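Sharing a structure below in structure tokens format, with a few things to ask.
Read from first to last, the chains carry the letters A, B, C and D; within each, the first residue is number 1.
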Amino acid sequence: MVMSETIKEARHSYLDAPYGLKSWLLTRDHKRIAMLYLISITIFFMLGGLFAAGIRLELLTPKGDIWSADLYNKMFSMHGVIMVFFFLVPSIPATLGNFFVPIMIGTKDLAFPRINLLSWYLYVIGGVIALIVLAMGGIDTGWTFYTPYSSFASNTNVTLAIVGVFVAGFSSILTGFNFIVTVHRMRAPGMTWFRLPLFVWAQYATSLVMILGTPVVAITLTLVAAERTLHLGIFDPKIGGDPVLFQHLFWFYSHPAVYIMILPGMGVISELVAAMSRKQIFGYGFVAASSLAIAILGFLVWGHHLFVSSQSIYAGMVFSIITMLVAVPSAVKTFNWAATMYKGAVSWESPTFWVVGFMGLFLIGGLTGLYLAAMGMDIALHDTYFVVAHFHYIMVGGAIMAFMGGLHFWWPKMTGRMYNEGLAKAAAVLVFVGFNFTFFPQFILGYLGMPRRYYAYPDEFQVWNVLSSAGASVLGIGYMLVFTYMMYSLFRGEPAPANPWGAKGLEWTTSSPPPTFNFDEDPIVTEPAYDYKPAGSEVIVG
Amino acid sequence: MASHDAHAHHPKQQHHFYSMEQQLEASILGMWVFLVTEVMFFGGLFMAYIVYRHMYPLAWAESSHELNVYMGGGNTVVLICSSLTMALAVRAAQIGSRKGQIVNLILTILLGSTFLVVKYFEYKAKFEHGLVPGPHFDPHELLANGTLAPIHLPQGSEIFFSLYFIMTGIHALHMVVGIALMLIILAMAWKGKFGPDYYNPVEISGLYWHFVDIVWIFLFPLLYLLGAHFSL
Amino acid sequence: MSSSFPLFPPSASSVATEMDLLYLFITGVCAFFTVVVTLVVVYFTIKYKRRSPNDVGADIHGSLVLELTWTIIPLILSLIMFGWGASLFYRLSRPPSDAMEITVVGKQWMWKVQHPEGVREINELHVPLGHNVRLTLGSEDVIHDFAIPAFRVKIDVVPGKFTTMWFNATQIGTYHIFCAQYCGTKHSGMIGQVIVMTPQDYEAWLAGGRSTGSAAQNGERLFADLSCITCHKADATGRGPSLIGLYGSTVQLADGRKVVADDNYLRESIMNSQAKIVQGFQPIMPAFQTQISEENLLQLLAYLKSLKPATAAPAPAHEK
Amino acid sequence: MSGHAPITPVRTLVTIFLTLLVFTAVTVFAAMRDFGALNTPVALLIAVTKASLVITFFMAVRYNTPLTKVVVVSGFLWLLILFGLGLNDYLTRAWIGVPGR
């Protein structure tokens, strides 16, 4: 009986409204656009993962023996370009953010639905350009495009790759600006700023970074392209240009870009910790403010990528001390999440597994940033595998764990179907273990001095590299497992109830999956977020 | 949408907005947020400008003298005029004057095109004088007797001209986009789509146009008026 | 370091121990917080496990005291790390004045080294034990990065300018030189060895090496070959300024600015002679941008540095 | 559909237009004089004034919500962050007197 009712409900959902490919490709529904994004970023994630596998395979042995040096360089470059610009930057904002920001604030859609669709098309165009670059042999500059290598030395399709990144960047700007206007102008009656779910706060902070940072990297890469094609030298040392200026402009975006990746992840975790513990988030105001603090401070620290690049030592000190300050809001968030669980009713369902995994990995990722921010220490660690390990702990251990957690948490809402709980828990454990085996040895390799982007390396580094490659295979299996049972769930999963976790939040008040305009009646908000009342049994599961 | 709602909706109101006002405010805010990204986009170029001007003050002063102040200044006046006509076009839409919109939009488009034509002649002169960076960078003057006289420019001037072409080039590209936008708005105004209740497209295109004007207001003194020692 | 699971690189310079201590200090702080927070989270997960499907957590909203505690403690700890790191960086940035100067030129994909006595080597760097050594580095093509993990030193080698590093080797042995900034196809092949020898062995090695005269002598020859000498005369009678005692002094420029004549100033004045004009002189010197290789430039610089006034030692203007 | 944004009078628009033309003339003539170190500040001051006039009147920011004003100001603030922290490197490069540090 329950079953047939749910199915009847599903007929009214956004998934089924009008059928057909055209209705999807021309949709203006933020939920459908989120699903389109989800499909496309999954493709790019797999592609990027394939290159990662290629890299780890080569590094099993000290000698360069599986690929040629050139192919290896192209692999890590394409791994970086694809994972950063085509997976991580759009990952949470364009999928979970797109889907849930309007629902969480109780509106029918984003402020500019057509621009939202345009943003997806731009992403696809950028992605297709990246694939064309790949088909033409890829690029070998690394994802950082440092001049003068990228402008004069590389004979690969750098210009076309830059066009691809530029277009994808435009897509990210449009997403960000849509979110900002939506959060400001479209909130449901009663949805005050301090009733906003923390996920929305995080998305808002992320959007600020997107619109303020992305244009700078766009113009910087344009300048590199102009140097390559039109010989308009801006960074060319032969005519007196300064390659370090490129690094300044590049990191003005690319450091905050790290926060584009991790801030939404932090938002997801804030939601999940509260919902899985059925408890008001500890220190709501501090968690919300720390998102903004991270977004703003994130713009003031880019020079810590330039400590040994011949930047002035005094500039280095300014950047170093501000970088240390970023540690504070990140620590505040972590402690608040832990405190939220205190005296909670902690569920042992699969999202909790991803959350706990995230906390462990994010702690290590965040704390190892301190080594790199301390200038003297950075001399030893700069451009070594320590850096590689550190940012993978943040971007993979942090952002992707959070993305996975969010996906498991909201999957029933998005698709209207449940997945296999047992497999989901197993996958979380596999990914956690595999991840640590892959990247923890790289911290040690880094202090031993192994530089990043090395195709061959001295023998004494082998033992840690073998461990890392072995861990990577476990990690890969973990991700494939998630993909498998999620695909199964999509077609065969049990229908999901409206509120499978018994969680608070507007998204759980509407049906699973939600109707086209999200709510049958325009919601009016009367209570703060995470208003779990301990007295009665007000939580209704299902 | 209007059929099932208690209060009547304007035909241009999109379903997810509560009111036309919310819709107008959202689009104006959206345009400003977009313009902030534009500010940062040009900001990267200005950053490069500041750094290199600090490194090569001499080259900056002397290269600046190779630019044509008449053309740059004239174009500044042209753009200011176009900003006025643009503002008048928005006003015409707000008060519901179709004729006012059409006349002012056409004037705006003509002024914008004038700017580009002047730019064309300016660029042409730079090519003739070998001031285009790259392998053929070879500054010279064409003397009255038909011979070429090389001009000596200090190190750093090639970067100046690279920045000159990129900054003015990207600005000109924005002008082209602006003119295309104005043509669309003109077509819509022609059909009488705008009035006191609905003029968002005119208003936000106007914001864009004024922004492009502002960029030029900075480019003109920073590129053309350096060195302080020239005379007209 | 024969352990099969090595944790530290060899420790072979005067800063290695302090670097390791800083590393261990930060590791201690990080390990403490990682362990504590992880244990707390796991403990809460078990202790407060949901008992029934409709269970709800306690009604706790926050605590200002706790928030302030975990704002201020991380702040203090991170500022200590900043202070220590910055101080170490500062010391590693300023070469001692008695350091012997070796020049290094990076190009795709090799390191070219020249000792002050003129001995050259490729992808190898011989240094005497217990001496302060200052490297001046330049690049002929793209950005490289000269890194010696055993000495805990590293600096980018940027085309168009010189960079500096220094170290004092404390352990005899052979250690890795890596290029740490990605520079193209054979980036991972741009490696070499630094060989630390006793000062006696180093002298013997220098004597055995093929030298075409000291760096300064080579520079003097170039100074004549490139006709620099026709304008830059020793007395003040030339069309260009005299270069005696120039290095490290303060130069008054025509546009009113003052600059210290350091390596990068001399480099710019040779390569792009019009960039900064000395007061009282005409901008007539040709730019040598395309005519001088990075190595020759370093030799010219060695010569210019050797030009000291006959009477007093040069004012150490760059050492304030 | 109540409470339309106020409409800028033609008189204001024309006054601003004429002021902008005057400032353009002023900036050209100012550039012909030598104020020494003040050359650039003078030029920038005039440019900033002109830009503020365009933003306030032509772009009608004075009639917009406070939020729009915040957005406009923060855009330029971020530009100053880029310039300020970037110059933080370039202006201090020679201080320590060691090349590349």
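The rule we apply is simple: a residue touches a chain if its C-beta (ideal position, glycine included) is under 8 Å from a C-beta of that chain, and two chains touch if they have at least 3 such contacts.
Here the structure is a predicted model, which is why all the values come from computation and not from measurement.
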Of C-D and B-D, whichever chain pair has more C-beta contact pairs: B-D
Rounded Å distance, subunit C centre to subunit D centre (Cα mean): 40
Centre distance in Å when subunit B and subunit D are each reduced to the mean of their C-alpha atoms: 15
Between subunit A and subunit C, centroid-to-centroid distance (C-alpha), Å: 35
Of all residues in subunit B, the ones touching two or more other chains: 25, 29, 33, 36, 40, 43-44, 47, 51, 55-56, 155-156
Set of subunit C residues in contact with two or more other chains: 93, 155-156, 158, 161, 163, 272, 275, 289
Junction residues of subunit D, two or more chains touched: 67, 78, 82, 86, 90, 96, 100-101
Category of the chain touch graph - line, ring, star, complete, other: complete
Subunit A - residues contacting subunit B, complex: 107-113, 173, 177-178, 180-181, 184-186, 211-216, 218-220, 222-223, 226, 230-234, 239-242, 245, 248-249, 252, 517
Interface residues, subunit C side, partner subunit A - complex: 1, 4-9, 19, 22-23, 26, 29-30, 33-34, 37-38, 40-42, 44-45, 48-51, 53-63, 66-67, 70-71, 74-75, 78-79, 81-82, 84-90, 92-93, 108, 141-143, 145, 147, 149-150, 152-156, 158-161, 163, 176, 178-189, 191, 272, 275, 289
Residue numbers on subunit A that touch subunit C, as the complex places them: 64, 69-70, 73, 140-142, 144, 146, 148-149, 152-154, 237-238, 240-244, 277-280, 282-286, 307-310, 313, 316-317, 320-321, 324-325, 327-328, 331-332, 334-339, 341-348, 352, 356, 359-360, 363-364, 367-368, 370-371, 373-380, 382-384, 444, 447-458, 460, 463-464, 502, 532-534, 537-541
Subunit C residues within the subunit B interface of the complex: 255, 272-277, 283, 287, 289
Residues of subunit B that touch subunit D when the two form their complex: 10, 19-21, 24-25, 28-29, 32-33, 35-36, 39-40, 43-44, 46-47, 50-51, 54-55, 69, 73, 76-77, 80-81, 83-84, 86-88, 90-91, 94-95, 196-197, 206-207, 210-211, 213-214, 217-218, 220-222, 225-226, 228-232
